[in-house]
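Down below is the structure, laid out as structure tokens.
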Amino acid sequence: MIKSSVIEETNETSIAALREDYDSLGQRLDRRGISIDAIKAQVSDYGVAVPSWGVGTGGTRFARFPGSGEPRHVFDKLDDCGVIHQLTGATPSVSLHIPWDKAPADDLNAKAEELGLFFDAMNSNTFQDQPDQPQSYKFGSLSNTRDETRTQAVEHNLECIEIGKAIGSKALTVWIGDGSNFPGQSNFTRQFERYLEAMKRIYQGLPEDWRIFSEHKMYEPAFYSTVVQDWGTNFMIAQELGPKAFCLVDLGHHAPNVNIEMIVARLIQFGKLGGFHFNDSKYGDDDLDTGSIDPYRLFLVFNELVDASHRKAPNFNPAHMLDQSHNVTDPIESLMVSAMEVQRAYAQALIVDRPALEAAQDGNDAMTATTLLKQAFRTDVEPILAMARLEKGSAIDPVSAFRKSGYRARVAAERPAVSGAGGGIV
Amino acid sequence: MIKSSVIEETNETSIAALREDYDSLGQRLDRRGISIDAIKAQVSDYGVAVPSWGVGTGGTRFARFPGSGEPRHVFDKLDDCGVIHQLTGATPSVSLHIPWDKAPADDLNAKAEELGLFFDAMNSNTFQDQPDQPQSYKFGSLSNTRDETRTQAVEHNLECIEIGKAIGSKALTVWIGDGSNFPGQSNFTRQFERYLEAMKRIYQGLPEDWRIFSEHKMYEPAFYSTVVQDWGTNFMIAQELGPKAFCLVDLGHHAPNVNIEMIVARLIQFGKLGGFHFNDSKYGDDDLDTGSIDPYRLFLVFNELVDASHRKAPNFNPAHMLDQSHNVTDPIESLMVSAMEVQRAYAQALIVDRPALEAAQDGNDAMTATTLLKQAFRTDVEPILAMARLEKGSAIDPVSAFRKSGYRARVAAERPAVSGAGGGIV
Amino acid sequence: MIKSSVIEETNETSIAALREDYDSLGQRLDRRGISIDAIKAQVSDYGVAVPSWGVGTGGTRFARFPGSGEPRHVFDKLDDCGVIHQLTGATPSVSLHIPWDKAPADDLNAKAEELGLFFDAMNSNTFQDQPDQPQSYKFGSLSNTRDETRTQAVEHNLECIEIGKAIGSKALTVWIGDGSNFPGQSNFTRQFERYLEAMKRIYQGLPEDWRIFSEHKMYEPAFYSTVVQDWGTNFMIAQELGPKAFCLVDLGHHAPNVNIEMIVARLIQFGKLGGFHFNDSKYGDDDLDTGSIDPYRLFLVFNELVDASHRKAPNFNPAHMLDQSHNVTDPIESLMVSAMEVQRAYAQALIVDRPALEAAQDGNDAMTATTLLKQAFRTDVEPILAMARLEKGSAIDPVSAFRKSGYRARVAAERPAVSGAGGGIV
Amino acid sequence: MIKSSVIEETNETSIAALREDYDSLGQRLDRRGISIDAIKAQVSDYGVAVPSWGVGTGGTRFARFPGSGEPRHVFDKLDDCGVIHQLTGATPSVSLHIPWDKAPADDLNAKAEELGLFFDAMNSNTFQDQPDQPQSYKFGSLSNTRDETRTQAVEHNLECIEIGKAIGSKALTVWIGDGSNFPGQSNFTRQFERYLEAMKRIYQGLPEDWRIFSEHKMYEPAFYSTVVQDWGTNFMIAQELGPKAFCLVDLGHHAPNVNIEMIVARLIQFGKLGGFHFNDSKYGDDDLDTGSIDPYRLFLVFNELVDASHRKAPNFNPAHMLDQSHNVTDPIESLMVSAMEVQRAYAQALIVDRPALEAAQDGNDAMTATTLLKQAFRTDVEPILAMARLEKGSAIDPVSAFRKSGYRARVAAERPAVSGAGGGIV
């Protein structure tokens, strides 16, 4: 944690300007019939989960270039997550990754309570072999041709549920790297049958008040075919499994040019949207910072969410999580900025004039309809976000406050430096 | 039609070489435990439908450059289709497009009988306005915001069914261009609800022994969103409509890099593959000649079809049709060559050693598995196709026979030249 | 033209709010050390050319759905362009397309003067055959295998120069659709040699104070290969031709995922950026309204332009033009909004803190660098644009003023309705 | 090495069938006026280099799943390369990667001589930090903002040249991962200026009889921009550096849908094609086995090479190398099969009827032109390749012979097993 005095001092320098900007924005919104305080309240209530692995420096298959003060274990990671939430007030929960984050439940719960955090969805890992693991996932996990391997993967997921139950989680996210690298390597149909059979076993172990999220991805680590390759297959899975099964959408897991906001709309319409992994991408699953490449796309996704909420779509309760790889920035800074980008898109979507939009849509007035979205998008809602933070005791400018706090240097002194040759997700 | 003597004469020049090649290929296949005659019989029984619009020269939004002897009406088109089937023995059916191919049923039936053809799936058109049409499709047809427009589009489809019933068709293919060009122009959810409601009305008018095929397409003519944008949405439609509703896969209608053979496998697995529009593409919906850009991809699609047939997948009876735009070739030549490319992929898929493939897949021997596919693919099965043609009285080399026949010059004399400024699908 | 009283009346309703917003933005910018009036002056001086073909409704290969009051000839088109400039003050020039815009130079000059417009780059057309044209471009124009055809295309371009000289144009834009639809159809090398030889003949006819712009495009209307397929080939062309030859960048003419702003930077660095065709796209060359799909990308392009201007890059004087196809909106509205989107991106790029950006770049502080861009981008500069318009006698809200003016209904009464089956560029 | 008796014994089982197939193919080719022995001689003379890193199991950022008998150092790698060449007769050279393959030149030369191999292009590495390396490449190497880092990278490349001189290499391949992950992180222009300045220093150290190859790549490991992002930038580099500088084309380093064979043609035409990294891909830089995904594309590339050779293009002497990542197969098997796929594409390109093709191209007979290519492509040239191998004492079926030899089990016993968590290129 950071001393609250550091936050207060940095806030002090910009508080006057913020009040001015908030007022002036309030007047402009008022002219459009929007109460800035009502928007601020919704933004203030909004939270996005941080993935425990996000606070370490990421890497590629070519290399990993660690930063200083890399977290050594789940408690270091939680400390970093605590700072992110302290400064932004936007990330109250953490999503753990098993086996890397295994620790006694009591210790986890105590640490979380200390930091004002709670635990979001659990994440299993069957895309990497662990030392002493009897069966290898080289040729797949839940869809492997060998019974023993599938069973091992199922049991790992069931263990994740058990761990989650002890720390208050209510959801399991299943992403697998299963697929093939050569035409013919796998029989698509039999492979998917095996996957469904294994998932059904996991589903049977799911508590009544839990949800299971399957996550699709076009490719990587498999490069010719992937078992859960797109939202179509993901939807089939959720249907086959039952009412507690939902689809998770990672913004970077689609084919080039695909209209992602439309996929979101379809999954909402059929009651199967489970949640998001937010990030941004230009080429593939780049895992870049949310909103850093195409902020309008992020806004359009939130436009669907606010629209669904507006018309009270049934079965609509998506989980929100960041999922990024921070290769060239301080992960704490990236996660703070990304959490605020998600809030920004949400705030912008909230100020869309929905009755006017609906009228323009019904009248096929494409120019008016799209202008209504653009007007909301180009509204600089930063004062709303900053005021929500200020009122929570968080930072008006979290990155500045973080830099002034000396946190990174402090943990760098405590946590030994690590070497980085070779990529890897840990 | 072409005089059979022309075919016989051109066949004469290559018959000896063909017999030699057929025998030598027969021996090579025999070594692999495959009977060449059995493969030939299956190829000989195989047919792919020709779309009536395919015999005219296509175009782009920039221009259309007509060839000589462009068909003036459905009877000219049928004549051209008759020649294609006469020379290849591979295209026994024709798929009509309404309103352009409207004509008295008796006349159509008589003409088809004369040419040895029958009628395949009917195709409706609601992507273009016709003169005197009360409602415009500028802003959509089956998903239009206006009731009158949706009803007009439904009635047009019902009319297509009526026409089809009179000429022996058993299926209706529905492709619409509905979508939007701007974020916000359409509400994705309400638009899709309207579409589903309209399709249900059409479905209700479908005779018991008919099938309805919905066709997805990523984009074009709408450039921001498309109502039936991918196979996921298409699958939802087929599920919503009922057991007579199936998904049609056009090979050129997917996002870049997408694994199409896997989509085919998924639709088969869930009993919803309706059929194909065959063509090839490099960039978008290029409508290039089947197999001209990526012949291995075509083979991999047929590998799924033969595999499904092999394991007797339920509800598996896909329709096969060509759907191409011929901008720089003689359409008759392109359709003949494309029909043969489809046959080629089918023949190659038939000679895959499936028990060995299954064993390699089960043992995760990716190299053996993929080599089995490549060995089948690189087998030059042309002698099988040519022998199947010869035995039907078709041409060993259909393009040569067509060029020698003088057919194009003959119809050019009968059919007036047309001008070409402006693209267009007619 | 529209009565100035209409503009004044609509301005009247929002002038007070505008002054308030302008002042409050001025204060916020002032805090960052930026003079809002200086930015406004630069925006006010900025202009983007309108293409004469843009004022008609566009179409696709499937259909064209004309609006009311479609322009019948170049003088109607100029009238529409006049309105666009009158209301936005942002489009002082028009780019003509030959042969469609052929007319006596005196008449063109008189009309332009009357409307306060001038003529920008000339555009030749060799992608479509004209009636009575001796040679067809079906198999290419400047790269055709036949001498006569290439010569015809060269002469057409020389004629465009002659026309342009008479109306004050100083540049020729050459875009051709030449390419191939099948592997093997064209020999890439010989085809490009023919193209270069033909372009050299055009170059020789270029007046000393003119520039020639070659335009690359990945695909369409050719679907396997295109002669000027990307900026690499385009750069080779500009190098081969000489110092008056430059590359034109159309934002929609690139492969999926390509970093366009980087291409812009490279062409500037090597002194060969000729100009832009602005539009937006999601899938291919969608020709959607500028900034409608990915406004941040547009900003990043302008960030390169302002950066180049800032460091006084040599040979840097790009032409700016819109090039869009308006299928579902009123073309006048789309062109007005698009011109303002271009201005918006320019204004946002102008307020980037370049010394701070350079420092962050030199220090590899990626987070600060990217945040500086995002801060500029999310600044709502609309009051600057609107104030610039107001001060010119243009409209604070051009679309509202246009709708109130009744212009479209007026010209619809004068110009007969046209039918729309079939796509086409005219 | 493998005992020659193993090869002889496995050959014995298929030698009769091979002679039969060779004769029958010879007759078919003879009918087309082609001498099978002449083709065989060209295939036999052809060789493709193996990268030293290719014989180890690859990985992704998610995981690496090593196989048994992984090579421990350059001499193990050379042993494996020796086996590949022994069995295929197609890979006489090895391309080393520094620093991993550093060893005394005398030892390298002795080992290579023992195995009948020689050394191809040297590969530097500045995309990963080595232990004790003073400057980090986290923010780039040859284009880094810091002088010290650029100089370190330059000196590493100069050292690669020195190592190469001692072992008979004649070329340096430079691939860097430099780029950025955020808009604004790097100034494209200054970054490229730094890169060019550094490359010029390397170029100055290049011996007279050496060539330097720069390699472009669209993305990865940088995910927003890459310094040498495409062939356009690569061409600029080769031009700036001088006559010993050439562009290297890796088949997997392009944007989706790009026409790679055309890029090859352009680089040949302007005398700047340096060579290839062969592999195949479906999505990004998948580094899949050559020809495994789109064998026709590989053929079309070779069609350009044979065409260039045919017309004696100046400055045309490309280097040929495999560059793949073998994640699920035995690397030795993959490299053998890939080397043969390259030979296959070469052999198929050699039998294209070039005079007929040229005539069809000149006459715009697209159907005949493309059919000529397809006929060559679908010719099963395996008997030619196998006969060339047999006559060299290599294996008719290298994979079978390798499996029978027990080589993998033997080296697995000698080389300790390694663990695999974490990806990485070593």
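First chain written, first letter: the chains are A, B, C and D, and each begins at residue 1.
Just so it is clear, a contact is a pair of C-beta atoms (placed from the backbone, for glycine too) under 8 Å apart; a residue touches a chain by one contact, two chains touch by 3 or more.
Molecules present, by chain and UniProt name: A, B, C, D = L-rhamnose catabolism isomerase.
As the structure is a prediction and not an experimental result, all values here were calculated from the model.
Q: Please identify each chain that touches subunit A as well as subunit B.
A: The common neighbours are C, D.
Q: Based on the averaged CA atom positions, which chain is farthest from subunit D?
A: C
Q: Report same or different for the subunit C and subunit D interface, where same means the shared residue numbers exceed half of all residue numbers found there.
A: same
Q: So the centre of each chain is just the mean of its C-alpha atoms; given that, what is the distance between subunit A and subunit C in Å?
A: Between these chains, centre-to-centre, one finds 39 Å.
Q: Using mean C-alpha positions as chain centres, tell me how far subunit C is from subunit D in Å, no decimals.
A: Centre separation, subunit C to subunit D: 42 Å.
Q: At least two partner chains per residue is the criterion; list those residues in subunit B.
A: 138-139, 180-183, 185, 218-219, 224, 256-257, 259, 282-283, 289, 292-293, 296, 328-329, 364, 366-367, 370
Q: Write out the stretch or stretches of subunit C touching subunit D in their complex.
A: For subunit C paired with subunit D, touching residues are 138-139, 145, 180-190, 192-193, 218-219, 224-225, 229-233, 235-236, 254-259, 261-263, 265-266, 268-270, 296, 300, 303-304, 307-308, 311, 313, 357-358, 360-364, 366-367, 369-370, 372-373.
Q: Within the complex, which stretch of subunit C touches subunit B?
A: For subunit C paired with subunit B, touching residues are 58-63, 65, 127-131, 136-139, 177, 180-183, 185, 218-221, 223-224, 256, 281-284, 286-289, 292-293, 325, 327-329, 419-426.
Q: So in the complex, the part of subunit D that touches subunit B is made up of which residues?
A: The touching residues are 17, 20-21, 24, 27-28, 31, 256-257, 259, 282-283, 289, 292-297, 328-330, 333-334, 337, 344, 364, 366-368, 370-371, 374, 377-380, 382, 399.
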